[in-house]
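The following pair of complexes shares a single chain, subunit A, combined with subunit B in the former and subunit C in the latter.
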Partner chain A sequence: MSVQRSGVAKQPAYDVAVVGGGPAGLAATAAAARLGRRVVLIDAGAQLGGQYWRHANVSSAGPHDHVGHRDWEVFEALNERIRRHRQTGAAVHVAATQVWFIEPPGSDAGEPDWTLHLAPTCGAPDDRMPRTVRADRLILCPGCYDRQLPIPGWDLPGVMAAGGVQALLKGQRTLAGKRAVVAGTGPFLLPVAEQLARNGARVVAVCEASRIGNWGRHLPTVARTPSKFAEAASYGWSLARARVPYRTGTVVMRIEADSSGEQVGAVKLGRLGSDGRLRESSESLDVDLVALGWGFTPALELVSAAGAETRVDVDQSLVAVVDEEQQSTVAGLYIAGEATGVGGAQLALAEGELAGIAAADATHLERSRVRALRREIRRLRAFAVAMQRSHPVPPRWSEWLTPETLVCRCEEVAYAQVSEATSDLAATDARTLKLLTRCGMGWCQGHVCGFATATLAAAGQARQLNAEDLRPLAKQFPCAPIRLGSLLEH
Partner chain B sequence: MVPEVPVPGVPATIHLTLDGRELTARAGQSVGAALTEAGIRSWRRTRHGGRPRGLFCGIGICYDCLITADGVPNLRACLLPASDGMQLTSTGSELTPTTDGGVA
Partner chain C sequence: MIGAGAVGAACAYFLTRKGFAVHVVERGAVAAGSSSAGEGNLLVSDKVSGPELELALYSRALWEQELAQYGELWEFESKGGLVVATSAQAGRALRTLAAEQRQRGVDARDVEPDAVTDHEPHIRRGLAAAVHYPQDAQVQPMLLTAHLLRLARAAGAVVSTGVNVTGFEVQASTESRRVVAVQTSQGTLACEQVINAAGPWAGEIATMAGVDLPIRPRRGFVLVTEPLPPTINHKVYAGEYVASTQSEHLGLEVSAVIEGTKAGTILIGSSREHVGFERRVSLPVLRAIASAALELFPRLAGVTLLRSYAGFRPYSPDHLPVVGPDTRLKGLWHATGHEGAGIGLSVGTAKLISQAMAGEGTDMDLAPFSPARFEAVAPA
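Moving on, here comes the complex of A and B:
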């Protein structure tokens, strides 16, 4: 392996760097390239599409790979546009690569550009991949992942994030289990259950913690987004046909091992009363797969590393603050997609395109398109807010924890240790709680337990969750795993 | 599942091993998917509690699925493409039961 100094000035500087190849990143890349900018698109995936358009490897793709993908034709059109821009040299795609460190302009003497330090998603860097990329403008489209709450037994094999179960189906054509329960909250549980059932799993229940009546207050908003309603209805119809029970006000409150003790065997259900209190039900379901999701957590490590301002959104996620042009509080840094607030692929597409136009300094040239995009963003954001209000994390979720329940899976920190730290050891904030218990300090750096840890820290002080609780769990250095050798080269 | 379509130049079936046990994967599949299809649900044990771990987030976020491949430790099985002749090693103690009740 040849040792190459990073930060080499020989690397050409791009006009725009886009990080993330999901809907927002693709739309941003296509827009900036269309407006004559030289764009580099850096994506962790081996193939473009992000989580939303994750698909089987094209080298072995079957004719039905697009089945079950929403808006697949939108992806194909964007992909084709970017392919043409790559042919002319207007766009460069760096695949299977993560950004582990961001240097803002001016941090290195005389460097007027953003410098992104890259590492391969898998394995050791090879000599062909650039170690750094420089660009005048930066657009971050890092996407999101399933939000999780600890549940007794949730670390047993066979318990997975709902998005992971779907990723195995969409990306690998692999069924994660034969007899499944899908649980948590939010409309995303529906497609996961539907795809499991369509691929041959028996889905014994979808347990939705919220009540459908929550949507009642938001009917005017739903009426303005008929496509979302149609989507939910089509999943509902498919699930009804597959005889999958959809149970609202219901949670998986305990996960039990099978006779081997090595994997999931059953779940115990609980009911949430209208007062939010948990009542144990006598009901238990035999399953070999539990798919869990409580909405989504935007990936904010790059946003934090770049120094952009963050805030708490309606769904209690930490999100980036952006203006009417998707520009963050840091000049020259644009953010689009789930990182500005969880809202789905259509919203991400609109935000990404607007960010691409803005980063290309072309909003004054594209006035009518910009107006249309802003209208679309307002309409879809209103729907996202309605969705988040209708599917909140159950406020009293910690009632289902036992002293032995792991809060942090990586560092194996049990709820008892967290309680002790918040009550006896004066961990009055998430940062102290993290330092005292090691919650969020393991391999995943708080990606999985961050929300729970921050919420428990706030609850220990009998106060509402705030941005200060979430921020220490969203910061990471490095922003992606790297080999020690790469650090030493630095 | 979706019927396979042979692609010229790409082996339809990849052969790999976990602790010497033979596994197969389809071209383009991840190690995590190949292990799941073989009914293997965990390939690592935690440091403190010795708890079994396998796929959880499935998209490279949680690091539960770390595995050793051809001697390189701590690779995310959910992201790692399976390759022909790859030798996977589980970490921790004994192997884990399979979903069909057997023992791997």
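Moving on, here comes the complex of A and C:
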């Protein structure tokens, strides 16, 4: 069967491995463990909760961790259930650890089950840490990160991803600036603005690119998800109280430096016409913080490494293809949460639980729960789709680029180089564009500029963005940073 | 021209200069095949004396002279190679190789083991032998291919990407068969001559034309590190690499090949295996590559790995490229089989093809590269 490596006692395989300790991963772990499976939960964070229930750093953690968190009681209940499973040995939590590679059953590893290769999130591996974990079934709940678009001046200090601003607040209790504009599109702009305001920043505006009228078309769906409606309303209320202007059909078209030339000083606004055209307005806002968010990009490195099929979602993100039981196109591999389509924490919880039940081979034992979960997933998915449709990335966003605007900040690739590659050098797809310009080849491996690069490649050919544009910009091997030396340790 | 890789692009460039009307047909995008998966080294150091070394020196002269004006476009850099040997036996083999190469006009300078760190400060101590090759150079293969095609287009060539060649139209008479057109996914293209520059897929193209050509893909992985301040000055590789390029071995061959790039990343190769067009990451192979590299540069152990990629070299069983007309089918030419050296050899190959096709004398004898050497081989 399998070859035992000399000297190293082989770890027994788990029934189920869950990667990611956010809402989906926690729900999956709790479900599979409840159904009698031995589960290992691997998460990059020191504490469970993921980005949604992000804790303050251990050093500054305190009794007020929950302040400003949604559904904190849901987290506490799940966490408590997992803690009990850990006590009985049904669940094992491997913290502060990232999976850098996945080998499917029967691959080079020669194992009959999934082999996950692990590395510490930061620092050198310690001797007690397992270097590999094997499991019969695998559930990936990798979450997502902020989607960004290049804007003239976005490389100035003081420009941040909206999620990054929130992470600083939740994780380090640090306010990234005093006068902020929050811009982009999507419901996530609201909590970020609200948290900034509550922590003492002056939020001079929330600029939402889409027009609120877009919502109208989806009212029936919104009405079927009252909790979401209430959530939005509560943010709206807090923002109104903090006198934060909420402007729709408005974008930040240019970011300018302050008098030092080295830090954000102001933003120039533009209006998005009903014809989709952008028009720069004469208005500018003085700020020292620009928080930008254009929705989210699911983290797909593990999904691709495992060989599961992907597709383009309504919001133009690359997402994993899953069936009614959250199973991917690879047998024994389940995917839940944002990686199947951006949809928020409630949807992730439902998908995670369903994946946990399915990976435990218990859908036939849990018929009514499964039915309820599927209903919930359908309802929340419909809401997510409505949200994505009403908050699209402005199709003509690239019109605000100047030849000097950096598309890829890591490799300092300017828009002029991208245009030259798509026109003179016949870069007809994103892979070619990336290899010719180095867009997406630097430190972030396309996390930041991947969507923009793929979109510009498609636009260069006057065609719609497709999965082939996005795939080459989704990072693959290694799925997490690893030192060359650690590659050899096993 | 079938294929818009480095070889097809270079042929298009030189043929337009001879006044040919050229149509490049590529099923993917520009440089979709091997040419986007290599490091772009233009090496003389790894060639044993013989026709391939002659072609390398001929190409080297083209890079430096006729094409020098474009060097910046494709980031031509004459950074030199450093070949090292860790064992006494490999050291002797390396010195012998260098002596033979010098006879052929290669600039190969023996480096005393103590002096190796003057060239590469981070290399391990205690090497048995080292040779410095100042002529080894580098280009960025994607930029090379894209710019050669741009120049060819400017001279009248047509480049059609996303068009798949699916077959040939052949006119047969009693004494000979001749190509009159290629069939593609977008219709039939009439032509007088066809050049098969399909890289590792060249065997498939030959089969479509009813001739046998034993070109096969030989997979290679490359590891890419995080960007670092300049750490490695040359292309550095272990002397065993030469043996590995020349080997008949069908299993996995790994030897250390390490170099820095302009972007600051360090590229680490190399592996050679016959596994068809299988792209999936193979951890055992990557580990073998990393381990060989760390043996030469132990300090790299702490460096972060950013990504890896795989490519397929167009392997020819006798390690010589296949360049010239196919006598079995008139009008069919081959320009392929360069295995791990097709970027470096692309321009020499192309210029010779353009001379031969124009009916002129060629700067170098094409006979050793003739497809005729495989004609006795029965179709597989």
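Observations on the structure shown:
The rule is short, and it goes like this: the second predicted complex is superposed on the first by the 470 of 490 C-alpha atoms of A that agree within 3 Å, B and C clash if a C-alpha of one lies under 4 Å from a C-alpha of the other, contacts with A are read in each partner's own complex, and residues count from 1 in each chain.
By our rule, a residue touches a chain if its C-beta (ideal position, glycine included) is under 8 Å from a C-beta of that chain, and two chains touch if they have at least 3 such contacts.
These numbers were taken from a predicted model, which means no experiment stands behind them.
For the composite obtained by superposing both complexes on subunit A, the positions of subunit B and subunit C are free of clash and fit together. When the two complexes are overlaid on their common chain A, residue A:Leu354 makes contact with neither subunit B nor subunit C. Contact comparison for subunit A: of subunit B and subunit C, B touches the greater number of residues. After overlaying the two complexes on the shared chain, residue contacts for A:Leu435 are found with subunit C alone; subunit B is out of touch. Of the two partner chains, neither subunit B nor subunit C is touched by A:Leu473. In the superposition on chain A, A:Val330 makes contact with neither subunit B nor subunit C. In the superposed model, A:Trp443 lies in contact with both subunit B and subunit C.
Once chain A of one complex is fitted onto chain A of the other, the partner contacts of A:Phe101 are limited to subunit C, with no touch recorded for subunit B.
Across the overlaid complexes, the C-alpha centre of subunit A sees subunit B and subunit C at an angle of 90°, to the nearest 10.
By the document's definition of touching, of the two partners only subunit B reaches A:Asp146; subunit C does not. In the superposition on chain A, contact of A:Ala176 is made with subunit B only, not with subunit C.
After superposing the two complexes on chain A, the shortest C-alpha to C-alpha distance between subunit B and subunit C comes to 8 Å. In the superposition on chain A, the residues of subunit A contacting both subunit B and subunit C are 442-443. By the touch criterion given at the top, residues 29-32, 36, 142-143, 146-147, 149-150, 159, 161-162, 223, 225-227, 263, 268, 280-284, 286-287, 290-291, 293-294, 300-308 of subunit C touch subunit A in their complex. Interface residues of subunit A, counted against subunit C in their complex, comprise 101, 103, 107-109, 117, 305, 307, 411, 421, 424-429, 431-432, 435-436, 438, 441-443, 445, 475-478, 481-485, 487-488, 490. Against subunit B, the residues of subunit A that register as touching in their complex are 44, 46, 51, 56-65, 67, 121-124, 145-146, 155-161, 163-165, 167-168, 171-178, 199-200, 260, 262-263, 288, 299, 409-410, 412, 442-444, 447-448. The part of subunit B that touches subunit A in the complex is made up of residues 1-5, 7, 10, 12, 26-30, 32-33, 36-37, 41-42, 46-49, 51-64, 66, 72, 75-76, 78-81, 96-97, 99.
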